[in-house]
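Letters A, B, C, D, E, F and G mark the chains as written, and numbering starts fresh at 1 in each.
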Amino acid sequence: MTVLEFMLILGAALFCLGLYGVLARRNAVLVLMSIELMLNAVNVHLIAFARYVIGTEAIAHVLIIFVITIAAAEVGLALAIVLRMFRNWETVNLDRISTLQQ
Amino acid sequence: MSLLDLITIAIIVFVLFNGILTAVLGVIWAERKALARLQQRVGPSRTGPSGILQTAADAIKLMLKEDVRPGSVNVVIFYLAPLLIFTPIFMLWMVLPFGPDWVLSDLGIGLFYIVAILGLSVVGHVLAGWASNNKYALLGSARNAAQLISYELPLVFAVLAVGLLAQTATDRPFSLAGIVEAQGSVPYLVIMPLGFILFLVGALAETARIPFDIPHAEEEIVGGAFVEYSGIRWGVFFLTEYAGLATMAFLATILFLGGWTGPFSDQVPILQPFYLLVKMAAIILIVFWIRAPLPRLRIDQLMAFAWKLAIPASLVNLLVVATIVWVQHQNGWELWVTSVTISVVSIVLAVATGIFIQRRREQRLRQFRQRWAQ
Amino acid sequence: MPAEYAFNWAAVGIAAIFGFGGVASFFVISWILAPRRATSLTGIAYECGILPTGEGNTRYNVRYYLFALFFLIFAVETVFLFPWAFVFLDLPAAAFYSMVIFLVVLFFGLVYAWRKGVLSWR
Amino acid sequence: MATDTGLSANIVRDPVTEQAELSINMGPQHPATHGVFRMVLTLDGERVVDVYPHIGYLHRGSERLAEGENFQQITTLFDRLDYVANFNNEWVYVRAVEKAMGVEVPERADYIRLILSELNRIASHLLFYGTYGLDTGAMNPVMIGFRDRERIQQIFEGVTGARMMHNYFRIGGVKEDLPDGFVPAVRALLDQLKVGYEEARGTLTESEIFIERTAGIGAIPPEDLLDYGVTGPLLRAGGIDYDIRKADPYSVYEELDFRVPTGQTGDCYDRYMVRMLEIEQSISIVAQALDRLPDGPVMGRVPRILRPPEGDVYVHGENPRGDLGVYLVSSGGTVQPYRLKIRGPSFCNLMALPAMIRGSYLADATVILGSMDIVLGEVDR
Amino acid sequence: MTSGDRPEDSAPSSPIEERVREIAADNAQSVEYSFDELELRVSRESIVDVCAALKSDPDLDFNYLRCLSVVDWQDELEAVYHLASLSHPHKLVVKTRAPIDDPWIPTTIGVWKGADWHEREGHDLFGLEFRGHPDLSPLILYEGFEGFPGRKSYEIPEQVTFYGD
Amino acid sequence: MIETAILGAIGIITVAAAVGVVATRSVVYAAVFLLVSLVGVAALFLMMLAEFIALAQVLIYGGAITIVLLFAIMLTRAPEQTNVQDNAQRPLAAMACVGLFALLVAAALATPWRTRDPGADPMAEFTALSELLFSDFLIPFEIASLVLLVALIGAVVLTRSGREGA
Amino acid sequence: MNIEPAGGQGGTGQGPVISTPESRMALQNIAAHQKSGLSGVVTLKTEELFAMARKSSLWPLTFGLACCAIEMISAYMPKHDFDRYGVVTWPSPRQSDVMIVAGTVVKKMAEPIKLLYEQMPAPKWVIAMGSCATCGGPYVRSYSVVMGVDQIIPVDVYVPGCPPRPEALQHGILELQRKIQDEPKLKRGL
């Protein structure tokens, strides 16, 4: 296994774990954390490509910066929404909120 | 990267670790003595000559104290928090240069390293407060986190302005050693006094010193986030606080006071650490001096000061420096022209801010004096 | 991996290990040396000598969250500022002006928060 | 343990800010409660929504104890009531017994009492200055205040032999005459105090942060102050010119020239300022009294065994903290009082605390409490 | 030179006395001087009305409750209100009694807020219930204290001195 | 050799911490695990010679995002929730994820990557990144500022008390 | 001569013990001599070093009850300056070594004092300052006063006086330091 493949598998593992968290968790904050994991998995792939694959050198780095930026904005906004939900329904349980909404 | 390298590094780091511990003991002793002088007291005098062993005794005693773990705490995080707070501060010391060649890891982007690592210890503060399961601790940790993150920004922008300025004189503008070289014989304190003041304010707040010691505020929340910590774990917090103070003084010396440079420092290299220490000691003494007479701010005033004055001012400072450096680059000015321009603008800005604050103060005082005229 | 790079970051990594390990070793030494004499009352959370009432972990003020969020936004700004400061002298004027615009936009956000009274605690 | 599925029952919701409230306990052991005062603050974030004061952690039953002691012995209990203004307490008590018995006090004794009490007022205000500095987070004021207080205590020690618990005022006079060299010593002390006063001015009075922390904090309307029975510097800071030394003069105060400083807004800064100006006034009162100090005996004609006639008297005096009142009921013919009620100024001032703190920040709560300058000894008695 | 409080006004204090008599009217059990202070005795039922009238009357304006004491006269408990006015230089003592086996007096907290803790203290130490007081929980004694230590009938328990457990 | 070992160790720590994030019941533990995982990713960046990005990761994720998350946790009293945090889709989700993981691993191993010799100067990479960011990516950069502004304003609007001003 | 309440610092729990430090020291010296080998000497020396550290850094709990508190504060102030002995206060019991009970202990306050004492980490010491904390003092006939703080927590040093002068409290601290230095020899505490 080359380093590139190792990194790719690592990224895949992070991504799948994140995906599992998003699907299986019902606390909104935990779901957000899982999304962060998925974004990081993408970053791991990008950095591996940047280092070992032709044609992706600096662009991958720039993309990672943008991913981090978007992740920051997303976390800030999403958590504000979570807080809002908590204020309205006294819970951050997504299942419960979807029942409450109906 | 050989095993030998690793062992060398480990030895150096070990020496640094112990050096920092000793230095912190010295700093605490110096503070107690200095404060005592400022308060017409004697200060520690019984333990060792002039009480110099006082802090060592304190450290040993803390080590020997019972490890009280309140029943309601979250054990893992309770134990993890001191580690999380201390480690980032210690990691900062890796990039600090003690002399032109005396630096363990001279990173090309050392400035950004400092900025990034500094933010890490906030997590430890929040976790400490949460794990204690104590209301004072919770309030203290919330205040601490809010204060640390708010004052990190003026600090960062002031540091970045230094990096920008160093662009003009060196090709390694973000390396700390590079910055010292870039300063040459004129320290940036002269060229950018506004930046220095902002850095000092940020550093005071980052180390939670009076008048910014709101996270501890013994009179309100009995010591804040660390109220449930006893023995050596509390000692680690204390240690971190003073290690942070030493770090900030070191940074200020490097970034604004010309680091190890001084008269004849090039000819006599042995003078270099001496100059560094003297400059650090001066900054630390200023901090002690500020501590003695000043009351504490309130949390809302503190945050308002950060977000309404310090952050805009540091952004303006950054923009002004950037603009001047850019214009210089476009027009090909001499280096000294740039320096003088920045110096003049910075001094004008600092003095204007000072006058603004002083006039408000005078106005208020006049009002009060009138009210209380005999 | 270049040798200097490896050396620098190995130092940082070892510092992290030493920071953790050193402090943890303090805990261990203290654990060995210190007496243990806790009673059932020792573990009670400190609340000025009164038995604590209610739960310790009550919610923060939402204002603290907003300050953390502002810090996040400005930290992202820092991430852009550093590379910019590193190269803007060698780039065309657009790079300089774009950062000015960037700062102004974020400054507008700060002013907005200021206007909305977020910064002044009601 | 609350779960994320159920609505937690113990969240009190504030309809305005929709924040969960946190009730936090301060005291009895707390650096800023000046003794063993305890208050439970209900917080909304950093704002104080409500305060519930608890007292009684120093209730020593002085009133009941007094019913079992001779009239002369009770002075010792008064020393320990407001333990930073001992002479002032003793004075009010001996005046009460003197009034009940109709005893005349020699003029020299009156002057001695006045000088010592005013010095004690300065000492008490210096203590306030120091601890108030601590409450706002400054370290130096307490050192300055105690340094000067120590000098005053040296004078006291020379006169009475004790630093705090003097038991020097007797019914009908004072225990013994002043020692030699008292007058020059006090004059020298007054000069030192003036220097210290200027130093204090520099440290807190004109400190920007101190003004920022205290101005506009803790003010309530003057009518409310009166309604709560608040007296002393707190009332005067609110703009009401009520000083018993002027409004209902006792002893030789009428013969002396002094001013009653009053504030305008009643905020913490005004309270601080009123006390600081009172130090100035007291220095001038002591200087005048020293000039007028007559010769003569220091003890009036008092029977060896005190048996006041049946009846009740209420005597009050201006203490550093306000209006100290003593209600003395004698059943006639006994050597012990039938009932002794003490109206502590801090006790009544404290009643206004919730009204002052409500709506301020947590940090202000200690500043406001500090500005009241309570002494638990007379609150709990 | 007298010590103690001098008679407060050599000027006639009778107008105050007349005014007090007028206001108290039928409620007054007696109006007399004791030492230098005017003393008004009323029944406990009328204490609130009298106090309110004394406070609201512009000529008297007793806006300052100096002290509220409770005295145990073995068979009766007496509440003593020392009043003063800050706008006029005059003082007044109002007294009212309650039998010891039916110890209650209406609360005057509606007249002066400053009566609050005095009344709670009276309730603590003497067991005198101030009816209508919103919060009569122990103020200076702890929860579960037995007896009323202010009363003459209260025996101070023998103090147990012991070392160790 | 040492490098490979370190890389492997970092990778294992990162994945283990990520497992912790999705497996733990305490939200605060999850946040701490997330911090470890993200710092682990930063270490991976370091191993790939991208020191600036690694530090940016530490600054944004380690410092700022973790704090924001922790504050949000404190604000929602979530740390007290010790009941099961997972919902009923758990087995299904696990199966889907394992399947996806298998697919991705297969893809990673099967694809013939056009590899190159890795660069050797980290500062040069930083310079390249910077120059690219402020020349070709100027428009996305400006848009990023707008995104951040929107996030800031949105958060202010959302967290302000609903009744006040409404 | 001092009367040691049982369950004192040593926590031996053997009931009331009345002894002089001298007599106990003599007993312990005999015991120490009977110990053979170097190890006894080494442990004794380390323990003495620890005791030196402990006695040089006595941190009292910020805690004043009544009149004596004023004199206690005076002891920290410029004229007397407790900092010379390394005595600085900390507001939380978790960081304190000594509890200076300065003033009257009333029954309502007894429980908080007990709790605060228990919350302090071992090794911990108590100084009873003033007559009230020693034995009830002037309030010995009161219905609400505890007759000395030693009825609720074990006291190491009694400082007499009403209130004791700051110098007397300093003497109390010095006595406590002597006691701590003696502790390893007496095989108590630690």
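The rule is simple: a contact is a pair of C-beta atoms (placed from the backbone, for glycine too) under 8 Å apart; a residue touches a chain by one contact, two chains touch by 3 or more.
This one's a predicted model, so the numbers in the text were calculated from it and none came from an experiment.
J.: If you walk from chain to touching chain, how few steps can bring you from chain F to chain G?
T.: 2
J.: Name, by label, each chain that touches both members of the pair chain B and chain G.
T.: C, D
J.: From chain A, which chain is the farthest off, judged by mean CA positions?
T.: Result for max centroid distance from chain A is chain E.
J.: I want to compare two interfaces, C-D and C-F. Which one has more contacting C-beta pairs?
T.: C-F
J.: With chain centres set to the mean of the C-alpha atoms, which chain is at the far end from chain B?
T.: Relative to chain B, the chain with the farthest C-alpha centre is E.
J.: Whole-Å distance, chain B centre to chain E centre, using C-alpha means?
T.: 61
J.: Where the CA atoms of chain E average out and where those of chain G average out, how many Å apart are those spots?
T.: Using C-alpha averages as centres, the distance is 46 Å.
J.: Using Cα averages as centroids, what's the distance between chain C and chain G in whole Å?
T.: Centre-to-centre distance between chain C and chain G: 42 Å.
J.: Can you compute the centre-to-centre distance for chain A and chain G, using the mean CA position of each chain? Integer Å is fine.
T.: Centres of chain A and chain G (C-alpha means) sit 57 Å apart.
J.: Hunt down the residues of chain G that sit against at least two other chains at once, touch-wise.
T.: Residues 50, 62, 77-78, 91-94, 108, 112, 116, 119, 121-123, 141-144 of chain G each touch two or more of the other chains.
J.: So which bits of chain B are touching at least two other chains?
T.: 1, 6, 39-41, 64-68, 107, 109, 112-113, 115, 119, 130, 135-136, 138, 142, 145, 149, 218, 222, 227-228, 231, 299-300
J.: Quick check on chain D: which residues sit in contact with 2+ other chains?
T.: 4-5, 8, 18, 20, 22, 25, 28-31, 46, 56, 59, 61, 64, 143, 147, 380
J.: Would you pull the chain B residues touching chain F in the complex into a rising list?
T.: 1, 3, 6, 74, 76-77, 80, 107-109, 112-113, 115-120, 122-123, 126-127, 130, 138, 142, 145, 149
J.: Can you tell me which positions in chain C touch chain D when the two form their complex?
T.: 47-50, 52-55, 58-63, 121-122
J.: Within the complex, which stretch of chain D touches chain G?
T.: 28-31, 35-36, 56-62, 64-65, 68, 76-77, 80, 83-84, 127, 142-143, 146-147, 149-150, 163-165, 376-377, 380
J.: List the residues on chain F that touch chain A in their complex, please.
T.: Counting only chain F, the residues touching chain A are 4, 7-8, 11, 14-15, 18-19, 21-22, 27, 30-31, 34, 37-38, 41, 44-45, 48-50, 52-53, 56-57, 60-61, 64-65, 68-69, 72-73, 75-76, 78, 81, 85-87, 89-90, 92-94, 96-98, 100-101, 104-105, 108-109, 113-116, 118-119, 125, 128-129, 131-133, 137, 140, 144, 147-148, 150-152, 154-155, 158-159, 162.
J.: List the residues on chain C that touch chain B in their complex, please.
T.: 1, 3, 6-12, 14-16, 18-20, 22-24, 26-27, 29-31, 33-38, 42-48, 52, 55-58, 60-61, 64, 67-68, 70-71, 74-75, 78, 81-82, 85-86, 88-89, 96, 99-100, 103, 107, 110, 113-114, 119-121
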